[in-house]
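Chain nomenclature is as follows: A, B and C, assigned in order of appearance, with residue numbering initiated at 1 for each chain independently.
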Amino acid sequence: MSVVIETKGLSKIYESSFRGQDVYALKELDLTVNSGEIFAYLGPNGSGKTTTIKMLLGLIFPTAGSIEILGLKDIASAKVRQNIGYLPEGAYYPDFLRGEEILRFYGQLYGLSGKKLETRISEVLEEVGMTHARRRMLRGYSKGMRQRIGLAQALISDPQILILDEPTTGLDPIARKEMRDILARLRDRGKTLMISSHELLEVELISDRAGILYQGEVQKIGTIDELLTDRDLTIEVESASEEVLGTLAEKGITPEDKIEGKLILRVPNDMNSYDALNICKEQQLNLVAVAPRRETLEELFVRTVGEAQNRSTT
Amino acid sequence: MSAAVDYFRGPWHIAVFTWREGIRKKTLVGFLILSLLVIFASFFMSSFLNQTTGGGQVETEIDGKLIKDICVATISIFGMLITIFISASVVPNEVENKVVYTVLSKPVRRMQYLLGKFLGVQMIVLANLALMTALFLIAIYVRQDEFPKLLLWSALLTYFEFLVVSAFTFAISCSATSAVLPTIGGLFIYLIGNLTEYLKDVSLRSDEADFVNALIGNVASALHKTLPNLQKFSIKTEILDLNPGAPLPAHVYEQIPNLIIYGLAYAVSGYVIAYWVFRRKEL
Amino acid sequence: MKKHPNLTLAAILFVAVAIGSIQGQRLDRLFEAEAFLQWIAAAGANERLDMDETEATVDLELYGQVAGATETLFAAKLPEGSIEEGHSALSAALETGEYDDEIYRMVKSDELAPMREDFLSKLREGELRYTQNLSYAAVMSGLEGKGSVSIFNLFFGFRKVAANFVWLQVDRYWHAGLLHRMIPLMKTCVLLDPNFVDAYLLGAWHLGYNVTANLDYTPYPLRQWSEKHQACLGDQETYYYIAVDFLKDGIRNNPRNYKIYFDLGYSMYREKLKDPENAVKYLTYAVRLPHERWVPRMLYISLEENGQYEKALEGWQENLKRFENHEVSLRFVQRLNGLIAERKSEEAKQAARAASDPSEKEAHMADYRKYTAEAMEIWNGMSEPYSEARKLRLEAIDRADQGYYLEAVSLLDKARFDAGSLFEEFSDLIIEFKLVGDLPLSVSERKQMIREEESVMCQGMPESVRDERLAALEAERAVRH
């Protein structure tokens, strides 16, 4: 497993032109993306995701730090560009063109031509499931179809790396599922994908690693398994008095939710499950259900961002 | 050789793409239709001349002159507007709709991208000019029954005037985020380019004895020498008064290539500024 | 480029702007040369046609220098006889396009550099007059005069369009009957577009024909002497000469357009000012330029009116060669042959009268009879009112010679009503016969005599001119007696 994208100390500062403080869009970012994985690049709006991606593509220029892609520092070189496919967020494609025409245009920019280009167009259209619409004008496309043709243009040169900015935003559930399937298929074929998103559920389902960005800084980074280490136990009981709850809280068991008169208790992950059950038994609570619970990416995200917010305010 | 071909392949595809997109612009089509209407209307302009004036022959010749003058002015004005609009909008529009991201993330250098865009603009401008000139040629041909070849010279010079304005408007557009500002800027360039001559008046009027006055005079004189002067292209209207049957007079023959070099030099200047601005632009 | 991109770009930009700037200056020099060329063309046309010798003294002097410097060059190049007496080789070379390239080369040469500089500085000071036709290009290279706002700039190079709209206004004024408002606008119009030939033509036509149509005849004592035109100007004549000056401006600005020469020669000098000599002059130049086929015929008619029968005859014969069996030409050839014979008979008679030796007298009388018979034969060969009238004239002269003046007068009176074109000529002859035969003059004939006597004086006429005219009139009267 080799590293395909690596940034070291990457910073972007927007100088305030009028007396204010300089704005850090990105603060000394160290990031690696390994080959053959789907890397989820997460963060709330304005956290610096798009800034990072644009710097990787050479659309904006870093204030400090370095970028290496496929082991090359010159990220504008043809070798790097040949191997990067990029799907910007909410890009508009000229709607007077047909699906295949727009792909032909982008393919030509890679220096493809003739028969090679035509086969490649057919292949990517097949890949994104748009063969049926290749001769239709873009103005007749649905949002999902547009997004898929966008993905197709990113794939036209058969690049090693795909950088996708919010690929599922604005799509309906079925289109999302299809997009997700396409992305997973691409990973299985050995592509490296970097997906920036705030649609965490989608991302969690397919990504291998994730990085959470907030205010220009990486808060957490690692494989999904590494990140989601919180394994809780929840115990559902019929009801409990305030007194009982107080006793439970002393032992570390906290009520989490109340659903239809039933109470869900949360057991901290350092407590033995049997101990927890014993405590409940001592308090003579009526058990309804005992269930393990893994933290979702969404929860992790909200928690991480919350923590970061707290840090920055104190 | 093949390296050079490779280098220009990308720009060429971008130019064609720009062209295909540009010719569908509504403002452009609108201006074109408007200019065609004026050219068409010039046919009837002479009805303002009452039929009793002069002998029949003189009247038809005033007619012809009217059509010729109005058409050249129409081509100049509407052509210029189209040029400014198209030069001002191609780059900002692509930044706005993010097509520029998809293009620049391909193996396309910014120089190549700009070259392609500029080339595309020139293709559109030329096509417009050609279309208007063709209609005008037909208009005159129908009226006078002679092929007005001088008009072709006139159109050629008109193009190089457009080229200068186009390059500088393009330069402004590369630093702008929307097409509005560069469009206004382009109109200003056209105005200023036509008023450069007044700078000479300013420098002639300045009083050598007074320091500030002399300084202003010197600055005006320097600007007059360096800024492009679009009035130099006004021989495009003069040419039409020549005898269409005779070869071009020696002085016009000498002026045309020199004017073309003049236009090209300033077009290159404009383009270099455009690239300079765009080279490290944060998109 | 890789190492110092900003420096490289700055360098390229500097070079490009420098090329543009240098090229701009180069163009300015070219435009200056063009301006000089155009001014030379205007001044040359002026000299060739002796149009304006009094007003534009600075132009004339400078042109004299330029023409002097190039005299030997062009005198060697031009075919013999193409340079007219008292004119420069340069103005002859300017007439047609043949030597244009050479003239342009000369205009740019170092040899003429001092004169070119002189021209440019005079132009900037606004001392020159023949500069109306300078192109925008020339004008914009700062030649419009120091600090003046250039009207050319004001219209963004579209002054020709502006000229058209001004013309539409002229036309409107004409239909509204606001004739006096037309004149300044017409001048504005050609100032905006000095190559607007039709504006000159129509403008002059308005002035010469329409504006003056309702003006009355001005008696000579009320007329004003014009030094510039060497003529006594009444109400009508004032406008005729405005038109003449307007057309002369047109010629200076468009020396290669036959139409203005034609209108000046035919419509103004022939039709309005009854000046066949000038008519012939301008029509001759019109014919030398590319022209319509009817132009030479007007020249031949004017030549005939100016008494240049032989030249007119040549012309018609030429015309006949070009258009075989052209009926009008045929008639004019016959007519001119008759007129030439008549003139010869007249000359023979005068010679006979002057001769003292009887044998010599007899020889002249024989000539007289011979030419009269020849003329008669020609007139007999034609059958049209003109030839019939000419026959009656010959008969009348014969009667008068025998002392039958009343009979002669009555024949002429009949003839002048039969052929209207001869009315004036025959009326003059009637007066002559009546005076010689001591017959009483009619009221209108008396009136004409008075007018003739009056015409030698008008207000402001210099003594020398008056004396000259008086002498001419007396000489004419002496012949009649």
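For the reader, a short list of remarks on this structure follows.
To be clear about the criterion, a residue touches a chain if its C-beta (ideal position, glycine included) is under 8 Å from a C-beta of that chain, and two chains touch if they have at least 3 such contacts.
Remember, predicted model here, so these are calculated numbers, not experimental data.
Interchain contacts link the chains end to end along an open line, per the touch definition above.
Greatest centre-to-centre distance from chain B is found for A, with centres as Cα means. Of the two chain pairs considered here, B-C and A-B, the higher C-beta contact count falls to B-C. Chain A and chain C have Cα centroids separated by 93 Å.
Centres computed as Cα averages put chain B at a distance of 44 Å from chain C.
Between the Cα centres of chain A and chain B there is a gap of 49 Å.
The part of chain B that touches chain C in the complex is made up of residues 48-50, 52-54, 58, 61-62, 65-66, 69-70, 72-73, 76, 194-195, 197-198, 200-201, 204-205, 225-226, 228-238, 241, 243, 245-246, 249-251, 254-255, 258-259, 261-262, 265-266, 268-269, 272-273, 275-276, 279. Across the complex, chain C meets chain B through its residues 5-6, 9, 12-13, 16-17, 19-21, 23-27, 30-31, 33-34, 37, 97, 100-101, 104-105, 135-137, 140, 142, 146-150, 152-153, 156-158, 160-161, 163-164, 167-168, 171, 174-175, 195-196, 198, 201-202, 205, 256, 290. Contacts from chain A toward chain B in the complex involve residues 54, 57-61, 76, 78, 81-82, 84-94, 96-97, 105-106, 108-111, 150, 153-154, 157.
Interface residues of chain B facing chain A in the complex, by the touch rule stated above, are 6, 9-10, 13-14, 17, 20-21, 24, 97-99, 101-109, 280, 282-283.
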